[in-house]
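Each structure below appears as C-alpha cells.
In what follows, chain A forms one complex with chain B and a second complex with chain C.
Then we have the complex of A and B:
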C-alpha cells in the first residue's frame, strides 16, 4: 500500500517515515527522469528488447489466433481456430501427457533434489566436490544430454545401458521410449538428471540459512534425523519449497525438447505429444500457424494461472 | 542527483549499439533489383554448405560461368543449412517472409507456399526462350506445380520409390541378389532369413517419425493400389482394407517374425545410419538413398542394389513419386524472374551442365549412373542426351539398379497437403512398430479423423 503525504490524510500508525522529504515526491516527471537518466537509459534498452522479442510476438500470436491466412489473404475468423484446435484428437491427449509429466516431475524432479541437498548439507568433507558432481549435468547442453540418453541409456536392445543393468540384476528389460507406458517416466528421469543441479544449489543455500541452534535444540529434545527434517528443515524452507514447486510446474508444462529428441516427436502413437510439441506440429508440420497460435494462447492462459500463484508466493516471501 | 559523465556515455552507447544491432537484424534486402549499371540481382537458396567442399566448389564455379555468359545478371547465393530438406525450417522461413527471390521447395509444398501468399505466378515467363529444355520436361511434373491453370514453380528433381537391399547381407543369408522380393510375402520371408544372421541386423527397416513414417505409409498404400485421399481430395481414403494390410504387414514382420530390429521411431537419418553400418537388409527408398548412405553414413555403393517396389500379391500397382522445384517470390520484377529462370535452366535443366555435369562429377566420386533424376519425359531429346551422358560417365555399377529400371512401376504423385498428412500418419506407423498390442483399426480411425479435420481447415 502506498504511503501518502497528501494533506488531510493520516499516516497509518506504526508505518515508517517516508525516506524522502515530501517536497521531493512532488517533483515533475521530467525532473524524475533527469535525476535517474542512467537508470532510465538502461531501462529503455531492456524495454526495447522485451518489446521486440517477447511482447510483440506474444501480441502477434494472440491476434493470429483469431485470424486465418489463405493465399496470402488474412481474414478474422473469431473463435474458429480455438474450436478447431480443441476438436483435434490429440488436444486432450497432449494436455493429459503434459499434466502427467508435470506430476511425475513434481514427484521425482522436485523431491529428489531436495533430499540430495539435505544429504550434501550433512557432509562435512568433500562438500565442494560433491556439489560440482551434482551440478555437472546442468553444464551439458540439453540436446547432448538427451542424445546420450536416447542412444546409450534408452537403447531398447540388450546393449542399452539401462537394459544391461536390468539384465545383470535379473530384472525384466524395457523398450524405454518405444514403450507407451514408459515414455513419460523415461522423459522425467532424463529431465531430472539434467536439471537437478540448479535446484540442489538453491535448496543448499536455503538449508545453510537455517540457524544451527534450531537443530541443536531439536537434538537436545531427542529428535532423530527424520524428525529434524520434518520439524526444522521443512518448516524453515517451506517458502523456497513452494516457490520451486511453482517454478517446476511452469517449467515442466512447457515440455518440448524431451519429446522432440528422445521420442523423435510424438513417440509411440501420441504417447510423447506434449502441448508445446503439438503447437510445433501444427505450426511447422501441418502448415497451421493460426491453430498453433490458438493453442499457444490456451497454454499461455493456463501458465499465467500458475504464474499468478507464483507471484503471490513471491510477494509473501518479500 | 549528479550522474557521472562516463556512466551517461556508457548508457547512451549501449542503447545506440542495441538500436544498431536491431537494425542489422532486419531481414529486408537492401539490394536493388537492378543497379545503376543495369545489372539484375537475384538471391537463390540451397547453396551447398561449407562442409560440402566439392559441391560448394561446383556451385560457385557454375555461378562464375553463368555470370560470364550473362554479364547482366548477378547471382547471390544463400546457404540456409537445413532449410532445403527440413520441413519445419522451410515453414519458418516461409512464415517469416525470409525466403530468397528464387526458393527451393518440395513437390508437396505447393499448397503451403500458396497459402503463405509468397509464390508468384510464373506461367507467362516459362517457355523455350527462358528454359530451352522446357518442352522435354515431364508434363506430369509441371502439373504438380500447377494450380488453377497457373504454374508456380519449375521442377528440378524427381524420384520414385523401390526396394533398396544390401547385397552383402543377401548373400550371407543365402538369398539371390539378382532376384529381390517382388511381393510383401517374399519380403517377409527374406527379412526373416536376414535377421537370423543376428548381431542386431534388421531384415527389413521402416520409418515412423519426423513425417517419414507417413511418407512411406503412402508409398506402401500406393503399392496395394490404394490412395491417401479420395479423388476430389476432400476426405481421407486409407481407413480401409488396403490401409489395414499395409500396417498388418509391418506388424507381422515386427512382432510376428522379429525381423525389423528393436530400435524403432526412426527418422530419415536414423535408418540410413543403420544401413550405412550394414545393419539393414532391405528398406524402401529412392535411388538417391544409396547416395546418402555412401556420402553421409560411411556405406559403400557396391553393397547396395535396387528392385521395384513390392506389391501385395504380385507387382506393385503404383509407387510414390516426388521431388523438388524452385518457386519465385511474389513481387519480383519481370527481369528478375527471367534471370532466375535462366539460372535454373543452366544449373538444373541442361544436360551436361550444373547438376547434369557428369564429366565433372565423375572424378569427384559424386555418384553418376543412378536412375534419376527423372526430369525429362521418356523419349524426349533432353532425356536421350542426359541418359547418354550418364551412361558414358557412370562411376557406380549401373547393374545394381538394372532390375529397378527394367521393371518400372507406375508413378503416383503425393497427396495434397502431403507433409501435414504424413505427420498424422507417423502415429499409425509408430503404433504398429512399437506396440505389440496395437489396434490397427483404432490407429487408422484416429488418423482418418485428424486428416479429415486438417483437410477441412485447409479448404
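Then we have the complex of A and C:
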C-alpha cells in the first residue's frame, strides 16, 4: 500500500523549518530562550507523565529484576530472580502455552480478518452494515464478552450454545474449558471474535488503496481470482500484513484476561497458564514482585527479538 | 474511509453485473450478511435474552431460543446486588477524567512538537514513540510499584483516580495522531496569527483547536473506550469495592453470584460502549484507519 504523506509534513531532510515563526529573522538569544521555554511549557504535562509512568518504570523494572526486597530491605541479588523463575516448572508450561496461543491466533486471528476484508471489499452493498457488525465485539468490555463465552458458549453440557449447535449437527460435543486439549483453541476462538474487527478495518483501508489498474492488467494477462490475490492483493498490502503480524504477536504474547476469566487462571492441569498470568501470579499473589519483574524483562527480550526479525524482514523488501 | 464504489477491485464491476456474476454476487452477499449477523449479533442476542432466562431454563437441553418465561428480575438483581449504579458511575468518572487529561496534556504536547518545535523536541518524540514497543504486561509490576510510592513526592495513588488518569496521558499513539494532524495545518496560518500578535496559547485555542475537532473527537472516543475496556490496571490500582470499575466489579462478584445475574450485569456494563460506538462509528472507523495506516 502506498504510504501517503500528510500535506505540510514534507520537509527537506537535514534542513528543519524554523520553529515557531516568532524566531524568524529576529534571532536574539533572549528570544530563542523564551521560545524554547514556551515550547517546553506546553510539553511539560505529557513529559512528566511519560517520565513517571513509562520511562522510569522501564528502568526500574530492570533494576528490580536484580534485587530482592525483604522486610523493607532491598539487596542486590544478581541473577537470582532469573534462575529462580526459570527453575519453576510452570515457567516452561507458560511459555509453551503462550507460544501455542500466539501460533493459533496467527493462523486464525490473522488470516481470517484478511480474507474477510477481501470479501467485504468486493461488495457494493451492505458494506457499512457489515463493517459495523465486525467491529461491534471490539467495543464490548472484554470481561463482558468473556463471561458470555464462559457461561453460555463453553458450557460443557449440551445446554451450552456451541455444544447445542454441534449436537444439532450430530457432531461430537466438547468439554471446552474443562478439557485441557480444547482450552487454547477455545480461548483463541473467543479472542478472535472479540478482536478481529480492528484488523478487518485496517485491511479494508489498505485494500482500498490498491490501484484498480493492477487488477485490470492481471486480468488481461489471464490471472484468475486466486492468482490476482497472490500477485496483486498480497504484495500490495504486504507492509500492512507485516505490521499487523507484529501487532498480533505482541498482543497475543500478553495473553492474560482470557485465562483469568475463561479458565479461572491456570485452567485444568495448567492448560491455560500464560506468561502474563505468571507475572500477575508472582507479583500480586506470591508477593514476589522481583520475580515478576524478571519475568517481565524476559518477556521484553523475547518480544524485542520478534521486533528485530520484523524490522529485518520489512527493511529487506524496500 | 472512502465510500466510493467506483474503484476497481479484485473482480471487475462489469463481471458482477453480468448474468452469472450477478447471481453469484447476490447469493454470496446474502450468505455473508446472514452469517455475519449470526456470528456477531447472535452471541449478543444470546447474552441479552439468556440473562432473562430462569436458572432451570438455562440448564435445559437443548437450550431455548428465547426466554419462555422472562425474568427481568435478573437485571434488577444485577443492578441492586452488584451496586452497578456505583460501578458505572466510577467508570464514567474515570473515563471523563481520562478524556480531559488526555485532551489537555496530549494536545499541548503535540502542538508544541508540531508547531513550536522546541530544542530536543524530536528526541522527546522519539522516546515517546519508543514506548509503543513496550508491551503493557512488561511494565505492569514496576508501574504498580511506582503508583503506590510516587518518586520524589512519595504519594500513594491506590484508589485515587489519578492512578488511572495520569498513566493514560503517557499515550504515544495519541500524541502521534494529534501531531500528524497539526502538521497538516499550514504554517502560514501560524505566521499570520503571529503577525497579528497572538501568543502561542491563543493560536492553539483560536486557530488550531477549531480546525482539529475531528481528531479531538477520535482521541476522546478512544480515551473513553480504553477506560471502559481496561481490566488489569484498574483491578490493581482500584482495590477497594467503592472505587472499582464495572468490569472489575463484575469479575469480583462472579464467584458467588448466579450466572444469569453475572451475565445481566455484563450486558449492562457493555451498553455504554456499544451505544457510543453506534453513535460515533463513522469517527471511530476513520480514526482507526488514519491512525494505523499512512505513516
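The rule is short, and it goes like this: the second predicted complex is superposed on the first by the 264 of 318 C-alpha atoms of A that agree within 3 Å, B and C clash if a C-alpha of one lies under 4 Å from a C-alpha of the other, contacts with A are read in each partner's own complex, and residues count from 1 in each chain.
Simple rule for what comes next: a residue touches a chain if its C-beta (ideal position, glycine included) is under 8 Å from a C-beta of that chain, and two chains touch if they have at least 3 such contacts.
Since the structure is predicted, the reported quantities are computational estimates derived from the model, not experimental observations.
Asker: A:157 contacts which: chain B (first), chain C (second), both, neither?
Answerer: In the superposed model, A:157 contacts both chain B and chain C.
Asker: Scan A:137 for contacts with chain B and chain C and give back first, second, both or neither.
Answerer: A:137: touches chain C, not chain B.
Asker: Tell me which touches more residues of chain A here: chain C or chain B.
Answerer: C
Asker: A:173 contacts which: chain B (first), chain C (second), both, neither?
Answerer: Neither: A:173 stays clear of chain B and chain C.
Asker: Who does A:67 touch here: chain B (first), chain C (second), both, or neither?
Answerer: After superposing on A, A:67 lies clear of both chain B and chain C.
Asker: With the two structures laid over each other on chain A, which partner does A:307 touch: chain B (first), chain C (second), both, or neither?
Answerer: After superposing on A, A:307 lies in contact with chain C but is clear of chain B.
Asker: Please work out whether A:87 is in contact with chain B alone, chain C alone, both, or neither, and reply first, second, both or neither.
Answerer: Only chain B; A:87 stays clear of chain C.
Asker: Where does A:285 make contact in the superposed view: on chain B (first), on chain C (second), on both, or on neither?
Answerer: The first partner, chain B, only.
Asker: Applying the document's definition of touch, where does A:126 land relative to chain B and chain C: first, second, both, or neither?
Answerer: Only chain C; A:126 stays clear of chain B.
Asker: For A:266, is the partner it touches chain B (first), chain C (second), both, or none of the two (neither)?
Answerer: first
Asker: What residues on chain A does chain C touch that chain B touches too?
Answerer: In chain A, positions 35-38, 41-42, 45, 49, 52, 157, 159, 280, 283-284, 289 sit in both the chain B and chain C interfaces.
Asker: Mind listing the chain A positions that touch chain C in their complex?
Answerer: Touch residues, chain A against chain C: 1, 3-4, 6-9, 16-17, 19-22, 35-43, 45-47, 49-50, 52-58, 60-61, 64, 118-137, 139-145, 147-149, 151-153, 157-161, 164, 167-168, 193, 198, 201-202, 204-210, 212-213, 215-216, 219, 225, 228-229, 232-233, 240, 243, 250, 253-254, 256-257, 260-261, 275-276, 279-280, 283-284, 289, 292-293, 296-297, 299-300, 303-304, 307.
Asker: Which chain C residues qualify as touching chain A in the complex?
Answerer: For this pair, the touching residues of chain C are 1-3, 5, 7-13, 16, 28-29, 32-33, 36-37, 39-41, 43-44, 46-47, 50, 58-63, 104-106, 108-109, 111-113, 115-119, 121, 124, 127-128, 131, 133-147, 150-151, 166-167, 169-170, 172, 175, 180-181, 183-187, 190-191, 194, 200, 204, 225, 228-229, 231-232, 236, 246-248, 250-251, 254, 259, 262-263, 266-267, 269-270, 273-274, 276-278, 281, 284-285, 288-289, 292-295.
Asker: Spell out the part of chain B that touches chain A in their complex, as residue ranges.
Answerer: Residue positions touching the partner: 1, 3, 7-8, 11-12, 14-15, 18-19, 22, 87-88, 91-92, 95, 111-112, 114-118, 200, 209-211, 262-267, 270, 330, 417, 419-420, 423-424, 426-427, 430-431, 434-435, 438, 443, 446, 449-450, 453-454, 457-458.
Asker: What residues of chain A sit close enough to touch chain B in their complex?
Answerer: So the residues of chain A in touch with chain B come to 35-38, 41-42, 44-45, 48-49, 52, 69-73, 84, 87-90, 155-157, 159, 175, 177-180, 263-270, 280-281, 283-289, 291.
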